[in-house]
């Protein structure tokens, strides 16, 4: 019958406007294009992944995709129990023949964003607002700072976190307070990697008439003229292509990396920000991008830092 | 008889209310009910997951109840269990070489001690400084989360994972997982929870200390007049409560994840309050209430998967309605009055 | 720097003050209010939807109040009328709000867990900042100078005495709980249409519990409770500004230690200066005449 | 003669059950307007319950209530208040942290622009207070006022509301003789002004002196209605209890031993015990084994503080300096439990506050304070069978009714609660017995019983410290009497050396 795809979303849920939304988008595009059967579920807690993945496998789904690194162990276990099924996971590396790991080189993007911010900043001070303090967000902040320093070694980079529990992803008022305090301290551009809390950062930008930078999806439209750019992480592409290949019978296991080179990571330019992002900056950014792709610039990676 | 019938009827009523909502959302309630039952008890694995969720709730339920008997309100089980789990994982990660029976024992005791400490602090503050345990336990929950975050990111970071979690513990620390549940992580923590339940019952109703705890909770001045050192009893009760909550860490770290994961608990500590009060603060009642909550948690997760319209949000609504109607003491007499007229 | 810190303190405390006042009314009348969090959350949602529909933050605020009142009505039905355990029912109300809001947003906007953004001209710029202090004064006046305030106090302290004086205890408690919902709803509204630009899932993020702590801290009195909220707000604002500051050496203090600062300070302040706070005597005990 | 006029109050066949426990089983009561009507009966006979039904607090199961000939079917006190009924409850209806003024005007607030007009209320109350000689401090939180004053507040409440039918449920249980006299003259005056008064009391002397007619309750029923002028205390007692009662037990003289039981030297309290108004200064006395030493005094002159200080000598809030010796041992460094374990028994002054766990069973209440004694526990584990048999015997011996170990102590009537405490404490075979207000609110039968037990304990060799504001009780039982006034011992008398009048004067500070 139909080709059946099961999507196990992270705790953030389908409409987190971040990588869950993006993954769902991608799967939906594939559904429209290929006429597959698509079913998604949202996990309630970290222990729920395994039963949900298993339930999909038992119900004869052909491809099961886990969204988010938190599902790593669960995918590893369930994939071993159902070797004839196909699995995919976003943001984590699982070494099994029937699992495709879709990982993103966020640090490359964050480096580029840091460079763009440093080029645009007039005050010589830029900021970063992270959601929960976790390695992934550290990966962003570390590369962001390095990218900025590449442009302007004297630049001041201030990194703040909304919180240390998962509520940090859902606290726009606090994201806004953090951003306001950064803007008040003379910072004129803030990169927000904080889930829904990032919306608070954008609100602050709106009030203070300063710039902010979006993440994951293209968020330029949310505050036209104030979002300098967004760091794109094409989870949708990764999911859609995986579904497509799997349906066509070309599924392969192993690790698939998405970076600047294959446009899995990028920065966005559209009608909402082309006026505020000058040609010269875009040009310079594209140069840096090329250098990273060519390996001339080695971007520091928090994951590799021991 | 009435004490048994009443909660059962109440669960039925809450379920009916919840099903009415799913019907409103466009599902066949009968179908939903079947999925719920099947999701919670349908197979060894499903039942295993129910038991897996129920186990920590037994610990936190007991924790809240024991404090409650001493007239204290422990909102801090969440923080206590966080520290308990963190401590167990720390021991297992720092000395991974310790062999089997010794490892779990050492880590288990450490988990209990960490929880106990986290309970003793508000107990001591209440007894000696008179500051309200409700505030202090809420505050300590946040502090525990901060400490856990620090430890997992700076001290015991797992280099192989992006998750905020600690390094894996040594294999000698892992406790037995029961195979009959088809892979569900039901570990030796379940019998431990049952044992803890029995011990709490013995403590509260068969020992002098338990009597003193209940006396302080009932009437502090009478207890004092009878010579009971009420300050000491309060500290002991909250310490015991903390220790019980800390035992959640044993199941999670030694019996399930093999490490400490930030945010592993879907609010076990808060649900423990509802579990304790639904179980009327009695050990057997707590086990029953924990099972109910475990079954609901597992059953409703399957609803999301099996139905078109029921999402995990609606599952929360359903659980809330069941808890509400089970707690409604007056519903019973109201129904009786209706029946008479 | 100091004025910014002050402004930030006032902003951060605003939702807390509304919620703590709400908690004050119901707890002074003898009804424990763990459900503040849930009432706030629905209030935040209602306010966002109301503002989106009417394009007026004031009407949005009214919708937020109404949503809080709705939640309070469910709570009141269970704890006053059906004598449910107030703590269990409160936790259930929180769960209900957590589940209901994404469910409703899905129905209304086909987006689970959030509402569309509210344009800046439709949001409050500063009104709630002052409004909450007006309510502090009103609450103080209410408790001290009006008959209803006196009834609230007696309903929480000695309901039998109130009953014997010919006032219906449960009616008074209903009034208090509904009022509590209205205020908590405003607290939620100030989150969604003042401090941010839309509703998002679980956006109260534990503020109801902090408000409860402030209420106890403030010994169940409006002005001290509001001041306690200010203290929480201040430590929060300070915490935000301390993040990333290098005090010694080369590395900033780990953010975790900065984040727990408000809570540690609270514990010490409470132990050192405040001492006993006496709860209303009949707090948590359902009233029933035979 | 009476049936010609319409009764002010008439209760017809009232019945009321609480979860199967019958409190009223067909009560008939008729009160003529402009009279003081006494209501007496044993503890638990149903007096308070029937009065609460009249006041609308409880709703009768069956039966009817008539006020001034009109049938009343009210479901709340507000209707009763509107009909001119006012009640002073056995347990005062005052909210401790609030001011006298607020407690009085609650529910009858004079208003101005929607706010409470406290000024108007105060003016009116001051007039009333002068008129009936009931001075009180309007702004003081009631918890800081002695019970005698709290009583005045309750009466002012009724006057403030213009009640013309006044119900007073055991108003004298907490009053000194002087205060009782004042109250009675006020009651007579109110009667003469045309008000109708229902007075519940256990003190037969009082009923005899102040009432016009008397209704006697027993076991939820009315067993007699008589004119006061035509009866005697003995007859009333017999009607109440259903058997002959010895009203004044003959106490044999003591034969005190040489060993001391309690020895207090230079006891001082300057600390800050919650609610204490009087500090202790230089209290010295001793109690030998085999004697009863009574401490007389108006309540609130440091008696409670004295007991706290000798039972919790380590607590700095209770004792600041001085030595406390029990049975020859200096206990100033002892924990409270250790003191009790020496053989010290305590009948606390407030049984609800300090004596009982109201929601726990009779069985558990019996264990309170004995939970660590070798008789009931071994290595920390309770010995429940032993407890069961001991309690069964004890409630039989001490006549605690009903004979049911499983019911909560709170559902016993006041007298039976007191007997339960006495049973528990005497069961220790104490060497030292501290009894504070041991017969407060207790019916004559139980008073007789408790007094006998105290004397028996003395004769078995216990040193007894009796604290009581009941002059009669002190005079009847004490071998020596100490008078306490403002935290000091101001006088000491041997048995028979002092008259009631003289003692009353000393208690008043002269």
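Note that the chains take the letters A, B, C and D in the order they are written out, and that residue 1 is the start of every chain.
In the analysis below, a residue touches a chain if its C-beta (ideal position, glycine included) is under 8 Å from a C-beta of that chain, and two chains touch if they have at least 3 such contacts.
Values in this document were obtained by computation on a predicted structure and should not be read as measured data.
A.B. asks: Going only through chains that touch each other, how many steps at minimum separate chain A from chain C?
C.D. replies: Steps on the shortest route: 1.
A.B. asks: By number of C-beta pairs in contact, which chain pair leads?
C.D. replies: B-C
A.B. asks: Measuring between Cα centroids, which chain is at the maximum distance from chain C?
C.D. replies: That would be chain D.
A.B. asks: Counting only Cα atoms for the centres, state how far chain B is from chain C in Å.
C.D. replies: 26
A.B. asks: Between chain B and chain D, what is the gap in Å from one C-alpha centre to the other?
C.D. replies: The mean C-alpha positions of chain B and chain D differ by 46 Å.
A.B. asks: Determine the centre-to-centre distance between chain A and chain B, using the mean Cα coordinates as centres, and give it in whole Å.
C.D. replies: From the centre of chain A to the centre of chain B is 34 Å.
A.B. asks: Spell out, as numbers or ranges, the residues of chain D touching 2 or more other chains.
C.D. replies: In chain D, no residue touches two or more other chains.
A.B. asks: Where in chain B do residues touch two or more of the other chains?
C.D. replies: In chain B, 146, 149, 153, 311, 315 touch at least two other chains.
A.B. asks: Where in chain A do residues touch at least two different other chains?
C.D. replies: Each of 13, 133, 164 in chain A touches at least two other chains.
A.B. asks: Output every touching chain pair, sorted by label.
C.D. replies: A-B, A-C, B-C, B-D, C-D
A.B. asks: Give every residue of chain C touching chain D within the complex, in rising order.
C.D. replies: Residue list for chain C touching chain D: 141, 145-147, 150-151, 153-154, 157-158, 160-168, 278, 281, 289-290.
A.B. asks: Per the contact definition, I'd like the list of chain B residues that touch chain D in the complex.
C.D. replies: 206-209, 211-212, 214-215, 218-219, 221-229
A.B. asks: Residues of chain C touching chain B in their complex?
C.D. replies: Interface residues on the chain C side: 74, 78, 81-85, 87-89, 91-93, 95-96, 98-103, 106, 112-113, 206, 209-210, 212-213, 216-217, 254, 256-257, 259-260, 262-264, 266-267, 270-272, 274-277, 286.
A.B. asks: Okay, in this complex, where on chain A does chain C touch?
C.D. replies: 13-17, 133, 158-161, 163-164, 167, 170-178, 180-181, 184, 196, 199-200, 202-203, 206-207, 222
A.B. asks: Can you tell me which positions in chain D touch chain B when the two form their complex?
C.D. replies: 311-312, 335-341, 346, 348, 353-360, 364, 367-369, 371-372, 377, 380-382, 384
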